[in-house]
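For reference, the structures are reproduced in the following blocks.
Consider the two complexes below, in which chain A is the common component and chain B and chain C are the respective partners.
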Partner chain A sequence: MVLDTFEALAMLAAIFGILILGTTHLRTNLSFYSLHTTAIAAVTAWIANITHDSHLYLVAAAVFAIKAWVIPYFLNTVIKKIGIGTDSGAFIAAPLSMHLGALLLGLSYVISLQIPGLIGDPDSRIGSTAAMSILFSGVLLMLTRRAAISQIVGFLVIENGIYLFAVTQTHGMPLMVEMGLLLEVLVAVMVAGLLLFNIKKSFEHIDVSQLTELKD
Partner chain B sequence: MNELLYLMILPAALALISLFLEVKLTRKLVPIVTWWQLAIVAFVLHPCLQGTERMQFASGLAIDKMGTYFILLTTFVVSCCVTHADYFFAAAEAAGDAYADRSLRLFYASVNLFLLAMTTVFLCDNLGYLWIAIEATTLSSAPLVYFERNKFALEATWKYLIVCSVGIAFALLGTVFIFAASQRGTPMEPTLNISELITHAQLLNFPLLRLGFIFCLIGYGTKAGIFPLHTWLPDAHAESPAPASAMLSGALLNCALFGIWKVASIINAAQPHSHVHQLVAVLGTVTVVAASLLLLRQHNFKRLWAYSSVENVGLMVFAIGLGSGPLFFLQALNHSLAKVALFLLTGNIIQASGTKKLNKMHGVIEDCPIWAGLLALAAFAVTGAPPFGAFVAEMSMLSLSMSDGRWILALIMTAAIAISFVAILAHVGKVIFGSGKQGFKSFQPARASIIPAILVLGTLVLGVGLNTEVWSGSWSVIR
Partner chain C sequence: MTLNLHAVLETLGFTATFLLLPPLIVGVIRKTKARFQNRIGAPVLQPYYDLLKLLSKSETISKHTSWIFRSTAAVNLSMLIILAFLAPWTSFRPFDLASDLFLVIYLLALTRFFTVLSALDAGSAFGGFGASREVTLALLVEPSVILCLASLGSVSQSSDLAFVFSFKNMELLNQPGLWFLAGCGLFLASLVELSRMPADDPTTHLELTMVHEAMILENSAANLALVEYSHFLKILILLGISSQCLLHAVPYFWHSTELIRAGASIACILLMAVSIAVIESVAVKLRWTKLPEFIAYSVAMSIFCVFIALGKNLN
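So, the complex of A and B:
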């Protein structure tokens, strides 16, 4: 099987997504996230090249600038300020969850043909496999990690998966919508980052599994 | 385009001004301007109220009759809440735990951004914009939940932000599926424009559309608090200050449900009697049943009302599942009126008695008869007892569901509504009766009762004035 360039890039993004699962070192996580998003921006640019769609170039540039650069930089600053370098412990050991992620990539390949409406559309199979695998990686990250910052990264990875799905399956949503989404994600990360400072200040940890004061 | 500016300029300007203005002035200014905003909204959108089908403002921004009703309701709720907030903060000052000026500035700025975001939700005629607006309501209301600045508020805010953002990410995936549905199997340009999607609904790729709808239902359903995705809701409602809880319950939940309604109307146009609607109705029933059982054992006064909101969300989802726009709006309207009154009254009582625990509250009737009376009336109103408006809505819903042949759902629903009625009245009875212990005089009970009294009166008038036939009969689907 020969992969098209953008398909290879999408797979690369999926693999970086799985690598995020492989370490509990937060700064390494963010570096992988940054590479993962760069690959996704490259997919966008490559598809823009194929479809000659000028607005996709703009989206690719914005994705690269905001999601691969500004957000990891901001989160890195947050990590440095609160002085927590590693996730205090995952519910599933990091290497195990990485292998689980690889397994889910295989599963994504199997179910990518089962999406109703996309059946009989083999052109888009690799793209949707990669997107779904990224989605699964993000969900796995959110479910298995304790540190609040990993939850934010998990959310970002999920969002990337959805974005990649949109780009590979529909060649990008309207420009205004894409830009609005990017802005929204940026603001969400900023708000979550500010909350993180306060969590660290009042609880002296950022372990979300210990946030269980509120119940019926 | 000009109309759009009129609708949005005041909240936007107030959000900015309230960051700098003297707090004492902001507390008076914001209510006045928000009531003025209500008048402007009514003036700008009056063609829609008088029968114009829809008003187009710009590409992807339009409003129809349903949206107009909701926008008026939302602005009204926010106006009531900010008016009462002035009293709420004054009472906190009198009780000796005044809030810092910085917190209040942030509160008023967030309230206005929140109003702006909610106004935008109802103006969206594009699924992408709708998603952006609904996520913006989450982000702008997070500071409201964090208002108390303690550990509990922090935990509630974190859960609210993460659960809602991730939940709503699935709605984005659903939106992408619907976009793909408009691209595949049709000759038309791919679009996210809701009215175009409705017009060409028959041409869309139905399996993809259905998949998209289910993801949107899960996503917006998380934001609306459908069981079992409601986990953020009681925490956020219980930990935010009373005026903010009232806005979350009376305005924010409607926005998310409006999102579900919009997507449902696309699928309704594509295939009027699909199984998807059955799924929605079942989901609504499950939510009502779960909430009514959870209502039985509550220990916190505000969590009680939060679970009652979950129950009402279930009823509204049920109305959407029946495909009845008017009933959805009628239920939303009555729920908003009664629940805002309840949250504001509860806030007063909590401030005066100094506890949120249900087992430590009793004898409000001795301490303050007005509050006790209004609390009882509002509690009756929210449980759907006659002669209040919610009774009309719930009766029509049940009879519509019966006539559709969904009598099993209707029976389960009736039982669940009865359970929640008993549960709520038992809890409220304990709060009202018994021996009083606190002097509430310093809390200006009369001034604190104005807004709740207006709201309770509103839902009473609706209940007496509405004719059940009209709501379940011919006028059954508006888009």
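So, the complex of A and C:
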């Protein structure tokens, strides 16, 4: 398994995705998320470089600008305004969930060996391994964390995983579709961020495990 | 047997490097930290002067100590000198000594064992909790060091570190990812092993937090000089191994000459010293209960190394 640039970038994105799991400090989570998305933008730019597809450069730039800068910046201001710096407690201890994520990286390699269409092409196999491992990390984040901010980050990581899978398998969707998706993610995060303010105002915490208790 | 002048010169150069370099590394760390805090700071050569000063002082020994306390400093120093010959901390080695990776790891563990014994031997409360903290940290860090080195060894089909790090091993030529991850994992692990910042603050003597300083509190004068010097030597060896991993990740060094590699090894070690100083200036010491989270990052890196090695061996 000789790692060339494309595979190395995809695996780098997967590794940063797993490192997000390792701490409950929300700002560190966001900076790891930012690095993770930068790696994904670099993968996109590298595919554009290989396939000479000029619209993919645009997509890469948009991913970098919106997902690696605007969204983490916005969530950082939300964290600052709410005044909650760390996740109050994970259901699985943070180091343990990171190791679980690392094991799931191995599992996703095994799974990607089983996908019928990919067997002949080692390049897209590493790409799909990375994409699936990012999916798993996002799911782990959403399942094991209590703070609503971590749920948003988990959602964004899952979205990144799906995007990476699409871009490595199909070498990019049409520009309009990509831009629509990006806009949708941006709006979703904005809405979720505003919702957080309201949750914080009416419940005085953002612990999702306690949101089932009804209160007037 | 005819003496080969060239070989003698190389050996002398190598020995002089590892004997004289360690205090310089610590000097560089302290100077960089001082500049970060807007101080002029002590000169870079200050650790040498400190060691010389300690050697000329008169020694005080607790009367409760036994021969273990007396001999630990010498035992540790001699083991670390053996390690400096065996461990691949620089790409420049004048002789072909085989060095098994488990021998290297457990010689390091043996020095820790003797440090802990001597800390317990004096019977002070500080020595006791310093020793218990050191052993706890070692327990957490050891898997990551072993997994990083073992995955390198498994890819190159050899447990001989001299061969793994020799730039002759074609199995490892095109594995920048593996080398880089192993380098990062070992660097994070050596921060903890060397009692540097996220785990322990080497500049304070606060009983609630200190680890390494608590263990050597009873040592004084020449004894302390030897203990400090062995700690500096350990810094050189551990930083050297992780910097070698990072150097192997750059394909350029695989095709360059011996001289460039040797220079790059030394430069990379000094660069790592500077980066340690930067980390210590911008980061804070972690709370004791948060430390496993930090070490988990090093362990995660080593797990990725294992996966790459597995993937390589399965294909």
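The rule we apply is simple: the second predicted complex is superposed on the first by the 211 of 216 C-alpha atoms of A that agree within 3 Å, B and C clash if a C-alpha of one lies under 4 Å from a C-alpha of the other, contacts with A are read in each partner's own complex, and residues count from 1 in each chain.
Just so we're on the same page, a contact is a pair of C-beta atoms (placed from the backbone, for glycine too) under 8 Å apart; a residue touches a chain by one contact, two chains touch by 3 or more.
Predicted model only: the values in this text are computed from it and were never measured.
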{"item": "Partners on chain A (chain B, chain C) - clash or fit", "value": "fit"}
{"item": "Contacts of A:L35 with chain B and chain C, given as first, second, both or neither", "value": "neither"}
{"item": "Touched chain A residues, chain B compared with chain C", "value": "B"}
{"item": "Vertex chain A; arms to chain B and chain C (CA centroids, nearest 10 degrees)", "value": "160"}
{"item": "Touched partner set for A:A148, first chain B, second chain C, both or neither", "value": "first"}
{"item": "Touching partner for A:I134 - first (chain B), second (chain C), both, neither", "value": "neither"}
{"item": "First (chain B), second (chain C), both or neither touched by A:Y109", "value": "second"}
{"item": "Touching partner for A:A8 - first (chain B), second (chain C), both, neither", "value": "second"}
{"item": "First (chain B), second (chain C), both or neither touched by A:L19", "value": "second"}
{"item": "Which of chain B and chain C A:M98 touches, first, second, both or neither", "value": "second"}
{"item": "Chain B and chain C, minimum CA distance [Å, superposed model]", "value": "25"}
{"item": "Common interface residues of chain A - those touching chain B in one complex and chain C in the other", "value": "none"}
{"item": "Contact footprint of chain A on chain C as seen in their complex", "value": "174-177, 181, 292-293, 295-297, 299-300, 303-304, 307-308, 310-312, 315"}
{"item": "Touch list for chain A against partner chain C, complex", "value": "1-3, 8, 11, 15, 18-19, 22-23, 94-96, 98-99, 101-103, 105-106, 109"}
{"item": "For the chain B and chain A complex, residues of the former touching the latter", "value": "60, 126, 128-129, 131-132, 135-136, 139, 142, 146, 149-152, 154-159, 161-162, 165-166, 169, 172-173, 175-177, 179-181, 183-185, 190, 192, 205-211, 234-235, 238-239, 294, 297-300, 303"}
{"item": "In the complex, chain A residues that touch chain B", "value": "115-118, 121, 135, 142, 148, 151, 154-155, 158-159, 162, 165-166, 169-170, 173-174, 176-177, 180-181, 184, 187-188, 191-192, 195, 198-199, 202-203, 208, 211, 213-214, 216"}
